[in-house]
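What follows is a single structure, and I will ask about it in a moment.
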């Protein structure tokens, strides 16, 4: 299942970078849900390229249109399809990229997987551009979670290259919502400046940088998810690694848990009024694969954008010989800030699916 | 799907810690494959409790028996079921654990998820003991990969608490096979001693420690896996987070990729004879969700065993009041060394599934 | 997916006719449901062989034991495994059946599918005996539907060979429940006698007969199921054709609809108090793939038991030559009456799955 | 899973009768396959409305365009999306149909399922029009089967209302291919005339008729499919009941098997040169859920088109009162001839999926 996923809420994405259009089908959406398309547009604008000097120059409005599944402003319950036309597909010469494999990209693996028949132009179906329909679907799910379930999801950039933001990520709706209004979603202002400096520096060097995103999901009740093969961690990680460039994920204290003893890492339970909470949240809101009612918390690592203009060593797969490659054209020196809304939306798809599985298909 | 997983090769695990038996059904195994049960027994012995003073005192032979699916020493193609009787189920008093939620365990989340009807004795279906049938299935898959595909999988303990093994993990079959013969699978001898010291120290303190495992999968050809939702990272992480206590995973350089620039993190391609390889392996053998022919490499964090004998703060969910709890009984001060073969086997299940999906259901 | 099925309620069956045991795992059962095992025993007794002269002489108690998933009389929410030991596996000589393919059986197709490695003894995994664990799971589901949802399922034999029962199948719980208490579940007494005569006659001739079952599912509310690929007809037919020997299914008037005009076949709606009903039920309770609140009604054709003692033409697949075969041993001259509870249970599994998908995982 | 189906070859359909467009996404297609779009156009023309006086007057070219997945005339391996714009969507008044439920249609079940939020215009997502994208996908699969596997699929009308075609359905490629060139795919000429007379008569009466289709799948080798839950019958029936108006299916002799004894119904094996065949084909090419190498054969019943212009009794669901309804507008007096290519294509999707599962993802 390469392009379809989900249990009760299923999505199917399609499209290639230089084809006619890209899009997504969502199956299993409850009927009767009010959808505010401007909410989705705002999220998509956060990912859209060409906004400023820290992103690629490719200019795509990423304007979607609803093909099916919404009637009189509400979901019909039938499959919802949204399409985004490809507009700015420069008819440049891709013949070099057909035979010289870009390091760090899927050119070579795609070539082997599809025996050379893949559409190599602009990365084809492997293009980061395919995250636009994923973001559409995710933003729609995020909106449903907020309006019908009071569940809020938000991510911040916690690190770019070697610059970390040591400001804590406050577990509040306000903090999460504030991040959405920032063009560069970092909490600490100084860190934000330094991170952007690193990106610009990388751009000047013809190089690129990556970083770490930190995500919070607020107000998911206890009892969602499954033990073993459909643990919340399994489901979320499965989805996160579907986003190109994600190479690591940790829940709660993650790798840092190895530095703790059980007496430190175990989150003690306590009563908060009539509600059971934990006084720490090292587990990131998940125990035994199931939510415990505390905020779900995870961090993902995004690798540096593989498209750089520096000369790189590679192979010519037609002649099966060593060669060098200098990738030209429009590239992002960093994609983390553009990936942030995609991460949020992808998480929302998983959470909404978990809810539909536990609560059934009717949401009001 | 809590207890079933897989696309073409499906497994279904069942059982509760204090029930009659635990087991696994494997569906979709190719027919005609020779199975050496002693290979599986050896792997299961590595996980089995009660071996030494760094593990729990619960003594279970973990003896499995084949219920179906093998005939005259070979797989029949029909579902293979293996069962493990529960033997050493002390009829102790579990009434305290029914109402006092153990911190770091799934007691509370299981209680909410199943509305209090879950079998709480010994953790029930959430017990780490349920990894035994997973290990059975995984070891069977691992054996098939080795004998029919030349694919080798092995993991080492890279860190216990604050002790790291700085010895590099050689990407060779020999190194991988050596680890299987070690009772405590650490490469560096000095690190091994220090790690075991930390475990014993934790035991003395009534506490526990966790750590980090590092896994290698050798000889998977290029072209396996899918872009997006069934990326190799998605599939492997989904499976790894099904193993209780895993809280983080990173592929290749993972979180460390954030510290690199694109010019460093991109793995340059080069020819090795007629074969395309990369001169570094920061991506951990996976690009665009698809294998590139280099060793697959990932690290997983295992949290400290939540069962500790130190007094902990918790709640009584019957009276909904704060209370304290001192867990008595047999506990592992560390489970990482016992989890190692489970990680290997779980990875083997994913890899065999990827192979069957790409190559079809006939293996000879 | 040969041995696993289901969306939210999944089952996994395993076992071979002459192996140690056969069984089933049920995943996704709601927790806290009271299970009366004697209900299941009664249903299984209806299928059990060796009861009388119209069935096989193989004597199996079909005694199951619960391996997991039930605690203090209620479902725990964890996978429920039930096992049935194989007892009466005569160690006769199967060497002839290994090479001479029984016509009408899966011997040849199994041989090709599994390259000759399938367990051929007694049909192996293809044995009708594997319907016993399916029946276990189905009876458990049927019980839940009755006790928690007021949904009743029952089937009658409508035809054996050329003898039809023209008595109408009354759409009442009473009629459905009465059938369960009949050893030979036919409504009309005279038809029942004649049908049994045909079976005995076939037995005397060393031959066999088949027939038609008619099934009713009462009290499923409107709105369950999906348009297109998960239509209620798709789901039920998928399940029914999983029962060996089923070769046809029709919903409502089925093939007879071809003899009607739209003005006859369309079921007119009318109010019954505050409830919308239809005055006829030609559609069998399903429109657009979704239940309309009327009884679900379908008929299935069961082919004559392929095991007959008459000499038959076949091939020797070792020598690839024509030959003849006379099957000896214990055989059913008709299996329809034994298949009836299996059909009921299999239908129950589908209906319970539809309910869990629509209503969520909590049933009280 | 309402709008997505398939194991290795997955499809996702979307669209509503009066929305912007309808379409399909195909995931899991092998790469490098040459696609002749005119083949698909021809199949779609067979279904397209508005051709003659035995079909609806709605005039839609059913012109599709490829959005993704084909590059330089071959499949890329990435999801293939095809779209069909809705053109002739008369902006008539649907307010009556919103509250008066058309008998035999999904109006009422869709209303309950989606709590009244479904797009009721023209049947919305339940419209027979949604079979156009299904047909697109099916025709593409059919073409691959023919060109790369030598597998041919074709259906004939065997019965319309009470008129049956007693001409036998010859199991030859020629016969199958001839049917495709007939505007009204009946083998016997006299029967064809009489059937069309019945359709015209029904049209004059403001009524409709249904019928029976018979389908052949030639040259599928032995050994494809699975025992139990993924039997070939299960898979094909699941798919066939996804086509609106299908109410029955039988494989081989189907219901007629009940009229046979085992000695008649068992298909004797015999050698044909070096190949094992059966001298009769009562089983329809499937034994134990697995193909036996003989032609796969099944019959499906299509109910009379529910849209008739005769006055019908129904309910007003707003006022919850009895009422009458006279449906006006363009309707098919019979849809069987238009459904024929859809049945062929839907069968092709299942067969191609079975092949990919058994043989792997590479087809050359």
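Just so it is clear, A, B, C and D label the chains in written order, and each chain counts residues from 1 on its own.
The rule we apply is simple: a contact is a pair of C-beta atoms (placed from the backbone, for glycine too) under 8 Å apart; a residue touches a chain by one contact, two chains touch by 3 or more.
Since this is a predicted model, take the numbers as computed values, not measurements.
Undergrad: In terms of touching chains, how many steps apart are subunit B and subunit C, taking the shortest path?
TA: Minimum number of steps from subunit B to subunit C: 1.
Undergrad: Counting residue numbers used by both copies over all numbers at the interface, does the subunit A-subunit D contact come out same (over half shared) or different (under half)?
TA: Result for this pair: same.
Undergrad: Among all other chains, pick the one whose mean CA position is farthest from the mean CA position of subunit C.
TA: In terms of C-alpha centroids, the chain at the greatest distance from subunit C is A.
Undergrad: Where the CA atoms of subunit A average out and where those of subunit B average out, how many Å apart are those spots?
TA: Taking the mean C-alpha position of each chain, the two centres sit 27 Å apart.
Undergrad: Averaged over CA atoms, how far is the centre of subunit A from the centre of subunit D? Could you give it in whole Å?
TA: Here subunit A and subunit D have centroids separated by 38 Å.
Undergrad: So, what's the distance in Å between the C-alpha centres of subunit D and subunit B?
TA: 46
Undergrad: Considering subunit D alone, which of its residues make contact with at least two other chains?
TA: If we look for residues of subunit D contacting two or more partner chains, we find 1-4, 7, 13, 78, 113, 125, 227, 362.
Undergrad: Would you mind writing out the residues of subunit D in touch with subunit A in their complex?
TA: The contact residues of subunit D facing subunit A are 1-4, 10, 12-16, 19-23, 25, 27-28, 31-32, 65-69, 71, 74-81, 83, 113-119, 124-125, 362.
Undergrad: Would you mind writing out the residues of subunit B in touch with subunit D in their complex?
TA: 7-8, 78, 227, 357-362
Undergrad: Over in the complex, which subunit B residues touch subunit A? Could you list them?
TA: Counting only subunit B, the residues touching subunit A are 1-5, 7, 13, 101, 103-106, 108-110, 112-113, 125-126, 130, 159-162, 202, 205, 207-212, 222-231, 233-235, 237-239, 241-242, 244, 246-255, 257-271, 274, 276, 278-279, 283-284, 286-293, 301-308, 310, 312-315, 317, 320-322.
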